[in-house]
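Two complexes follow with subunit A in common, the first pairing it with subunit B and the second with subunit C.
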Partner chain A sequence: MIVNLYPLKTFKLPIIAECINPDMLKGKTLDDMRRLELWEGNKRRTLGELFKIEISNPASSSENVTIIVNGDVSRVKRIGAGMKSGEIIIKGNAGMHLGAEMHGGKITVYGNALSWAGSMMKGGAIEIHGDAGDYLGAPYRGSKEGMRGGKIVVSGNVGNEAGAYMHKGVIKIYGNAGQFTGFRMRGGTIYVQGSCGGRAGTCMVDGAVIVVGALESAPPTFTFEGVKNKARIDENEAVEASFYLFVGDLTENGVGKLYVARDRNPHLSNYEKLL
Partner chain B sequence: MELLIKNGFVYDPINGVNGEKIDIAVKNGKIVEKVNECKAKKINASGMVVMPGGVDIHSHIAGGKVNSGRLLRPEDHYRDFEKKTRITRSGVGRSVPSTFTTGYRYARMGYTMVMDPAMPPLEAKHTHEELSDTPLIDKASYPLLGDWWFVLEYLKDGKIEECARHVAWMITATKGYAIKLVNPGGLEAWGFGNNVSSLDDQIPHFGVTPREIIRGLCKVNQLLGLPHTIHVHTNNLGVPGNYATALETMRCVEDLAAGGKPVIHITHCQFSAFKGDDWRTFESGAEEIANYVNACSHVTLDMGQVIFTDTTTMTADGPFQYSLHTLSGNKWVNHDVETETSTGIVPFHYKRKNYVHATQWSIGLELALLIRDPWKILMTTDHPNGGPFIAYPKIVAWLMSRKAREATLKRINPKARSRSLLQSIDRELDFSEIAIMTRAGQAKALGLNCKGHLGVGADADIAIYNFNPETTDPSRKYKAVRRVFKKAAYTIKNGQIVAKDGEVLRHVNGATFWLNVQTREPAVLTAEMQRRFKEYWTVEYENYPVSENYLAVSHPITVKADV
Partner chain C sequence: MSVVTAVTCPVCGCLCDDIELTIHDNKVVKVKNGCAMCEAKFMGYSSEHRLLKPMIRKNGELVKVSITEAVKKAANILAEANYPVLYGWSNTSCEAISVGIELAEEVGGVIDNTSVVCHGPSLLSIQEVGIPSCTLGQVRHRADLIIYWGSNPWSSHPRHIERYTAFSHGRFKKSAWKNYVTKIKALVGRKKVQSAIKRLFVKEKIPSAVALSNFRHTPYLQTGKNSRKLIVVDVRRTKSAEIADYFVQIEPNKDYELLQALRALVRDQELEVDNVAGVPVEYLEEIVDAMVSCDFGALFFGLGLTMSGGKMRNIDAALSLVRDLNMRTKFVIMPMRGHFNVAGANTVFTWQTGYPYAVDFSLGYPRYNPGETSVVDILLRKESDAALIVASDPISNFPRKAAEHLTENPLIAIDPHMNVTAQVADVVIPSAFAGIEAAGTAYRMDHVPIPLKKVVEPPKGVLPDETILQRILAEVKKLKQANVREEA
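What follows is the complex of A and B.
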């Protein structure tokens, strides 16, 4: 079953729409879907009041739901939060907390996503073709429950603190990353193809941050372990290039790995004297 | 307004009523002999349990510490929130709920009076502001006086009467209800990065010992004739082997007791009943404490039961909180309340599968079941330290049903299970004993004559639970017990129905109880003291006292003392 959603207006107020979730639409008729509740500002609304809903291909298995959002929903928060199966495709920008705490399924955004995309996710996949905001895959404020599984791929740039408190899973960023990437990480891998802001991997205990682009400096609380020719992202994927490997964060007795590409970071070459 | 509660099974231990079918009449917020049956609104309580409104002797619900806890834990709020209704306000928080939510949740469980047990005098105004904003329940607060500089000085010089006058002034000025001691002496030492480890350690700069502070303030309490005893959080709290310190603390005031009346309340005793030399050899010291308490009559305790959940620990015991922070690696707030006390806050998750946590869970219940007299052991979780107060129904079920205990025992750490004394305890409490531990005993320990019973003249604070003890066995149907204690069928506050079946029906401001302690001679504030106030406190002496109009609903209790 494919459910097409068209925003009926340009949203000015924040909307909390946990009902835009394949699990919630599973086995529902069009009328049921229209009646699903969401919040616009402090007012209760229904899905039908804010979106035009079209179901195509209803005859196919209603177990396998794909939601296609056509239009800008950057004001709409918590799309796909907690989803376990199915697929969401957003043709436009997505709002905050996209796919927060998701367990499975897939979300694809052909546009940008705001902060906390994939926050506290446990499984599944998120693909963002534009940029992502701050706290990509990071926990809710105050919490230590970082990402525990799944995969996030961002084609553009991301903000600060991507993958903070991450335990497991993979984050791949093809653009640039902000500061404190992998802050307090405990496992998993973050791959940054572009340049990375300062303090990458600060307070990390385990896991790996791979920076293929430029990194201003390695944190002073990391030890230099040498030059490696390969950095592994997951079981199936590795990057073959010359990397400086730093291990830390020593303030946390950490054994996290920070790989920094050698060719793009000549200013780190003085570490080679330590070999 | 008149109210008549008909045909309920009434449990009113103070008046010796044990499950008999009695009608309760209410008029103008008080319980009366009878009302006009035609005019009164009738509540049909047939097949239900009627008890006095619940009283909680120890629950951190307001003040600077609780508020810092709220700031520290956004993640505690976002999963648990209450929506606004026509009557109630919205609110958030599970272990550190906002003030309104606190009031609503207590009222839903049939509680009508809650004591906030730790008010730094410097933050008395803040505490009272929050208490005034906590609806539906009456409340009071205990000022922390165990490490108050002037008290330490008076005790060092042996000036008990002067100390008593000073304490009287302090309690009245902070609108407090009882004398609270937290890790006496340890908090002053913590100001310099130290702690005390026994009752006879010298406190730096003052040259008094914890034993002298406890005995001194116990004598002060008696001189002033305050309704509650001294409320003591023992030294060495949360340290393996501390059951010996707890026993020593109780013993050290044994000789001050007279007439079989309690002179000391050891609070959240579970945290002070650890045996062993370190965390590896850690075990329960509940049996030793229970044996002592069973043999004497000068002590009351409360449980401080641990619940397996994520919660926020907060005490004035700064050094303990620091050790908890280093132990757990969790975030930590340390707050130095100038010259008065200290504060620490650390989020904590009690886990079933952790040996120490599971043993702690067991210790709380062992204490409650091994101490034979329910008037001596009161039910608390030391909210939020052992767990949030919304878990009380679970504790009631554990106490009433061996089956409930076994169900939890099955799921805890195997080593803790095999060592737990609970397997050998068959005792199951009845509704009367539960009524004692959750209301009558608490009110009696607090010296509140108008609370905790349903006799004529008492405040009409009543809780009705939809449970028929004639047809249902609480020991077997423990899940039903949990359910009914979670949502009282009716909660009546001052003769008005404030909550029904877990839904808040109206907003009523509860009163703030405080002691107006009048001494024969006024407390002397020397020029030297005033100078020190100016030099060491951020609040001027003149701005220090909380005036009565600061309280939304003031309920002073006058105590006349002959000092």
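What follows is the complex of A and C.
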């Protein structure tokens, strides 16, 4: 079953729409869907009041739901939060907490996503074709439960603290990353193809941050372990290039790995004298 | 003419409670014991910018109205709004803040205090790491090492050094004031000799930025054995740095690296670099020695740490440093709060909602996620549709786009002064000064509640914040009940 959603207006107020989730729409009729509750500012609304809903291909299995959101939903928060199966395709920008705590299924965004995309994710996949905001895959305020599985791929740039408190899983960023990428990481891998802001991997205990582009500066609390020719992203994928390998963070007695491409970071060449 | 003693100063987070005021004809005519800021407030609160009448904007002009009409208009705006923000609160009493939170819940809005633009990052990190702290009395009597990081108390909290740290005379620790006076005389002599040498032999070679000798330049190094040591970390040599035993001048936005390096050194780890944030590691080792060998250390940090690059993670590192230091000695940490009751705002918010700032009641229950529910971010995303500002002036100090959005929607200002926010507001309600014309409670930066005194009568018809908010709340409740009846 494919459910098409069209925003009926340009949203100005923040909307919390946990009902835009394949698990919630599973087995429901069009009228049931229209009656699903969401919040616009401090007022209760229904899905039918804010979105035009069209069901195409109803004959196919209602167990396998695909939601296609056509339009800008950057004010709509918590789309696909906690989803376990199915697929969401957003043809526009997505709001905060996209796919927060998701366990399975797939979300594709043909636009940008705001902060906390894939926050505390446990499984599944998120693909963002534009940029992502801060705290990609990181937990909400005060929590130390980071990403525990799944995969996030961002084609554009991401903000600060991507993959903070990450335990498991993979984050691939093809653009640039902000500061504190992989802050207090305990496992998993973050791959940054573009340049990366400073403090990458600080306070990490385990896991790996791979920076193929320029890194602003290497944290002073990491030890230089030498030059490596390969960095592994997951079981099936590895990057072959000349990398400086730093291990840390010393302040947390960590053994996390920070790979930094040698050719793009001549300012780190002074570490070579330690070899 | 009468003299009122033990008055609490409603200016900065120090809340000095030893002020003596001379009152004549319902006016403060003399201030004793206060700093320059204290005197300026007590002597100048009743200036020509004082608001005396409530006003409502009609046809683009602010028109004087009765308090009842202004309260009704404010209640209407808030009751009709879909996502109002209620901001300010740090310059008023806890009693008013308490009513404000009830109002926010009633109208389903977002309530936030000025922490969002000052020590908000500190609060976020405290929630993640925890805070080993104490009262300022403990620091005064016991601390033998004081660190000011990204803070210049000489100018921002003028009596902090005198009342609680280096220059205070505690039960177990003596004041460093006499040493300071001796040293200041030595400095003046030294400067005279230096300028004489400069005049004779021109073009002295300037030492490079990271040379160790540059950091040992401070003339006050090593004071008496029993006196307190003072360390100042800042990007520039401030007045507070001038009186310090150690001054660490760091490169801007490199606090995080320096804190992490200090943590590693405290843990006896070796660093593979020669200098961190422009400071030689050798000098950092000296500082760490001083930290580890003290009996009771206290780290005070200001906006230089919370609002520079790294923000909450700087505080994360500072709190972790103090945690690491506590494995070797006794160490405490405390934020240098700015407004006199910003700690009170955080405390009252936490009592009533569970969260210290940026609390969103739009779903009927409190939610908290700074970045999402903080007022500056809401305004920058242009999400709110009305605002109530109490005892603050966001239009003059918020980012321009955030201030613009405030003016685009109905705006209510409750303030004693005609500040910039009041000038562009749609409803302006004058209020009495908390701590001068209205009594109440405020929290000092170490979270000790201190009563605020009412020393003079407010101008006729001007009410305290608490009363104004209670009247708006009552009016909002009436409107909501009427709506429910209509729907029924």
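Here is the rule we use: the second predicted complex is superposed on the first by the 275 of 275 C-alpha atoms of A that agree within 3 Å, B and C clash if a C-alpha of one lies under 4 Å from a C-alpha of the other, contacts with A are read in each partner's own complex, and residues count from 1 in each chain.
Following the convention adopted for this analysis, a contact is a pair of C-beta atoms (placed from the backbone, for glycine too) under 8 Å apart; a residue touches a chain by one contact, two chains touch by 3 or more.
As the structure is a prediction and not an experimental result, all values here were calculated from the model.
In the superposition on chain A, A:K43 makes contact with subunit C only, while subunit B stays out of contact range.
With both structures placed on the common chain, the touch criterion links A:Y140 to subunit B and to subunit C. Using the contact criterion defined above for the overlaid structures, shared-chain residue A:F224 touches subunit C, although it does not reach subunit B.
Contacts of A:L250 after superposition on the shared chain: subunit C is touched, whereas subunit B is not.
When both complexes are overlaid on chain A, the residue A:E101 reaches neither subunit B nor subunit C.
Shared-chain residue A:D131: touches no atom of subunit B or subunit C. A simple residue count on subunit A separates subunit B from subunit C, and the partner touching more is C.
Residues 140-142, 144 of subunit A lie in contact with subunit B in one complex and with subunit C in the other. By the touch criterion stated above, subunit A contacts subunit C in their complex at residues 12-14, 16, 39-43, 75, 77, 96, 115-116, 134-135, 140-142, 144, 179-180, 183, 199, 202-203, 217, 219-221, 223-224, 249-251, 271, 274. Put simply, subunit C touches subunit A in their complex at residues 81-83, 107-109, 124, 127-128, 256-257, 260-261, 263-264, 267, 269, 271-273, 276, 309-310, 313, 316, 320, 324, 361-364, 368-372, 381-383, 385.
Interface residues of subunit B facing subunit A in the complex, by the touch rule stated above, are 72-76, 78, 330. Only residues 139-145 of subunit A touch subunit B when the two sit together in their complex.
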